[in-house]
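Here the structure is laid out as structure tokens; the discussion comes afterwards.
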């Protein structure tokens, strides 16, 4: 029986309840959201169980009639959907539990949970949509929720500006996405994903469509040109960053590319761009993360870098490698953000230079933090290792040497900056007198559960693995290389930040250092190249409108007034002039008539 | 018999003198006189045409009689107005009354 | 016999004499306006009887056809409205009220004779009579320097124009040997006439008539006359003599729908264009309301001439409809000037707060003059433009329509001052019941003729 | 069966009489008669919508009676898919604007008289099937609007009112000429729109007449060069009047194009479609850019409706059923959304007595309901998919993409600027620290909520399931579309 389309309804119901009865519910609103999330999770399991029993996607009815063809909306159910459903609902529940503790003294407590449930419902809707238009609707819904949540503490102007920046940047990506959909529709007349396999049409047009659709993914998954909004999005509550900007929403871009994989794989050029963009953003973000001093921004850049890695994985043709990394990354990145949140909740500042030696004071958070770091760095037993190895393997097997090196370098840098992070935060001596205390149970339980998954997701991933993934044990050489790379990263960080050995004099690297600290000046470049000229253009067009177009209208009026003043002078009041005009016009009339 | 053309020239000449007088005279009564000249020019025309082109019912002459009577009435009214203005503003020249202009 | 045709005029003249006689006795003088209305209404009653009398009357000088019947009805209607207007005007009260109404009635009689004249002799006599009476009426307030100056200027200008017209008539008499309009028209169309001289003569006559209809090159004195004259008289000037002018233009130039001179269409449309443009543009910056209404009546004259430039039955019908509606619009506008006795545009500031009824009447008349749809002015304009487009002269229609936009601006100026401006100008409003009654009649006519003009529209049938 | 259409048109006239009779000091009961009349009008239009037969392509509820036989003008009314949605929109916005007019203080009697005359003009324009009747109703809208803006407006109201009047009149006067030329060109001279649709005019005349009609409609739609009256008129008009001005008057232009320009002059439409598309995109991008640079809240919303109406023209330029569907749907949606937006601006103006955006800040903490409604309407109007703003724009874009791909791309980029200025506005008004001046502003009263909530509900429903509106207009739009 088709119950898949009920999944998004539960969180939406929770949103409606929280919005309208939020005042009265007070703390209870959290339980409403959690209940909705749990229900959604159960239904996802049912759908998963139903799927293995063979119930696939189904349609719900016509939504629009375009060029005579009726576009009907439906639900698509396949392994990719189920994986995303499970991830979103599962991680969502724990993050909601965590948020109770994290947000318990916030005045707009119920509104927070309302927005989170709205986000959950649009994310689940996005995953279930079976055509581009429905996907676009939920896609923008997710963008809207990220805007509302980033600017949740709107008293802080920085948060409001970050929300605005996030929405506009994603919206730029979405415009490319919209144009891509239109080109695809006109090239092969369909919006539905199911027909993407059998798509035929002019080669160049479809490649352009694919690339444009990828720009949508770039906007949402903060890839290279449109990545500027994610670091600023850290203004929002950390639980939000954990759910939205680590696990689910940013993964939507990867999900989109995975969903349209048949389209991309049919056009190598499109796939190539995906890989290259992925590579660039992976490398760039990793380098910036190494020098950043804000705990959440480091994690934000690491998310961009990991997403770049996933895009690279997909780009080199590894559909399952990319999606597997997506699944594992969701777990340990959410864990890391929650740990960071608990640290900030305890210490009150986000600047890692001021922290130090917190492990002794915050046992559980510290431990889970280390597990997450190890998982992210790709140390063998943990989940990160398996999925990253998959990507390296596919990159190697599909003869992409440069991308392989880039992936390796990224994983090295990842290991380095994560190690730097935990060494500065947890180990060493406290650099400032911060009285840290362990977070309450509601925050630590999700940490523990997620750390378990971060550790063993690699193996749990097995059932997903046999879904179209080639043999795992292909070459141990790759595995060895990746382990060595991760360990050297950790070791280097150890030397630098625990032993304080100055390998390279800071002065010689200061130029590079400034470049990285200022995030390659991308924000400034955008501001200078895009935003300032656009504002000047708008100001210019307003002046043009007021002065020229309006001016013309007023000019016409004043010209007639001028002539009126002129002609008025002809009435001199002297009777002689009147008689003269009379006779003159008589004579002129005669000349005119007699000459004709 | 004097050819008809002479009469037409005479009346045209009178007409032009009348027009010239009306335009140039600064004195209001001068203008009145010039206008009378124009009317008489028309009279000459009428009578001459009636005589030479010989329409049996003498419409032209009857017309000129009417014209003479009406011209008299018109000048009477004109003089009334001129006297009214003279009594009020002691100005007989046309540049005296340009109160209403533009 | 033909005397039956003249019964309305005779009855009216008798009443005029009675009013003149009555003005000698103070008691009768006070109700002389009542007698005047009685005379007009009596004439209106007798008028329908004349339809079955002979077509030609009074030694072939007058003609009795639908056009003359319509114009005589129109002029009687106009004069009855003017009489109501004049009875409202306080300043006419002190002057010799009896003579005033005698002159109004005699002016009406001469107008009625003028519109039904068939020979140039009759044309000249009646035009001269109308002019003389209007000189007296304009200069009626002898001790008011504006009125006497206006009267004198109008006299000089009018006398010259009718003098030129007379000279033209004499030339035509010479050329065609007859004064009968039909005879002249047949001769001209038959081509038995020396064309250049004939055109010269016709233009001379046109000067006289154009002065009466205040068409632009010959309009110079009209604004001063309208401003100086008593408002009721300038109202009558803008309707009565103008209607007579157009009736004579129809009689002279468009007898049985063929133009007297071949260039008539270009001449008429040329004059119409100049009249509309100059009339509207100068009106833009007027500060005196009467002077502005003078220019607006010049602009409307241009519109009417445009209807005549269409040498087709529908053109003349359009003109008749336009004139009929024009009477009500103009009487409404001038009536408000009398009602509020304010002549400067700025004096109208805040009238809507001081006396909403006066403001409503003024606004309706002005918007109707501007030609906005729910009101009668639009129907008038629509009919004329339809005739013009039917005759395929698109540029003329375009200019006319553009002018109506410019015209709206100066009508809106008064409405803006009345309704929108904040500062108020407190001046006493002489609300004599008769005046308000007639103004309400005009407002109702404006609205009714706009929405359901069946009454007047049976005249015109678009092809 | 009672003449439904005539009763909808002339019901407000009954209101005029009622209001004219009540003495002006009883302004309370004048307002209630206003509500009664507009409410009744809304019920009648809902009844009209209910018993409208979706499958019939011909005119329904036709009323015909010869009015001026001499001039061949007949009183001919009818409704089809195209005008149904707009009539309902007029009735709805009329009622809601009447609700918003309850806090008009000075000269209430004259206000409601002009308000009802405006309603008569608007209803008539959408229902007239005789060209002259259409023109007369088209112009009757001008006088009441002039007085409404002129007397109850803001500081520069005189200039704005006169400019609105002259601008629209100049356009519509050209239309009068075109109507008369069409009358004399059609062989059995007629003003009847249905008969004229089947008359094939020769191509030379079609181009001239198309432009003649199109200028009048372009002024009303505000297409690019003729749009400068809109910001002034909006900024100076009182809130309920600008709701009607934006909600209904702009649609009369679009409706005119569909009813007159397209069916009469098919070939001209074909040749001029690219020019139309270019102007449409200019409208979208230019409107968005200028809106971005505004500091006056109402002026910004006015320029945003210039940008949205650009989509309507883009839909028209597409010349296929999707484009037309998009255009008509966009007209309906834009009416609802912008009507709501102007109510929001009005609510703020009543409290702050200024429209300068820099005077506000952080309002969502002191006015939560207001924040929710304003955010919802802004999102709908910036075209967030899932709300009704997006559906209309999307259909127009899809329709136009076939013929003008590059223009559609430009329009999409214009959309980004659209998002930018709305969010920038939201940031300045709602987010950030609470402006000390705005501490005293109370949240929306029950009255404001009653007038805005229906609009929000409709926006959500149409956005979620657009077939509700599309089924009504589908048959008529296909009728027009298969001409091309």
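For clarity, chains are labelled A, B, C and D in written order, and residue numbers in each chain start from 1.
One rule holds for everything that comes next: contacts are C-beta pairs under 8 Å (C-beta built on N, C-alpha and C of every residue); 3 or more make two chains touch, one makes a residue touch a chain.
Keep in mind it's a predicted model, so treat the numbers as computed, not measured.
With centres taken as mean C-alpha coordinates, the chain found closest to the middle of all protein C-alpha atoms is D. Each of A-D and A-B has its own count of C-beta contacts, and the greater count is at A-D.
In this assembly, the C-alpha centroid of chain B lies 66 Å from the C-alpha centroid of chain D. With each centre defined as the average position of its C-alpha atoms, the distance from chain A to chain D rounds to 37 Å.
For this pair, chain A with chain B, the centres built from the Cα atoms lie 98 Å apart. Rounded to a whole number, the gap between the C-alpha centres of chain A and chain C is 79 angstrom.
Counting partner chains per residue, chain D shows two or more touched chains at no residue at all. Multi-chain contact residues, meaning those touching two or more other chains, occur in chain B at positions 22, 31, 97, 99-101. Touching two or more other chains at once are residues 152-153, 156, 160, 164, 223-224, 409 of chain C.
Taken pair by pair, the chains that touch are A-B, A-C, A-D, B-C, C-D. Against chain A, the residues of chain D that register as touching in their complex are 163, 167, 225, 227-229, 286, 289-290, 292-294, 320-322, 325, 362, 364-365, 372, 379, 384-386, 390-391, 394-395, 397-399, 401-402, 405, 408-409, 412-413, 415-417, 419-421, 423-424, 427, 430-434, 465-467, 470, 474.
For chain B in complex with chain A, the touching residues are 19, 22-24, 26, 31, 94-95, 97-102. By the touch criterion stated above, chain C contacts chain B in their complex at residues 121, 124-125, 128-129, 131-132, 135-136, 139, 142-143, 145-146, 148-153, 155-156, 159-160, 162-164, 166-167, 169-171, 173-174, 177-179, 223-224, 227-228, 291.
Within the complex formed with chain C, the chain B residues making contact are 8, 11, 15, 18, 22, 28, 31-32, 35, 38-39, 41-43, 45-46, 48-50, 53, 55, 59-60, 62-63, 66-67, 70, 73-74, 77-78, 80-82, 84-85, 88-89, 97, 99-101.
On the side of chain D, the complex with chain C involves touching residues 68-72, 132, 135-136, 138-140, 142-143, 146-147, 150-151, 157-158, 161-162, 165-166, 169-170, 173-174, 176-177, 180-181, 183-184, 189.
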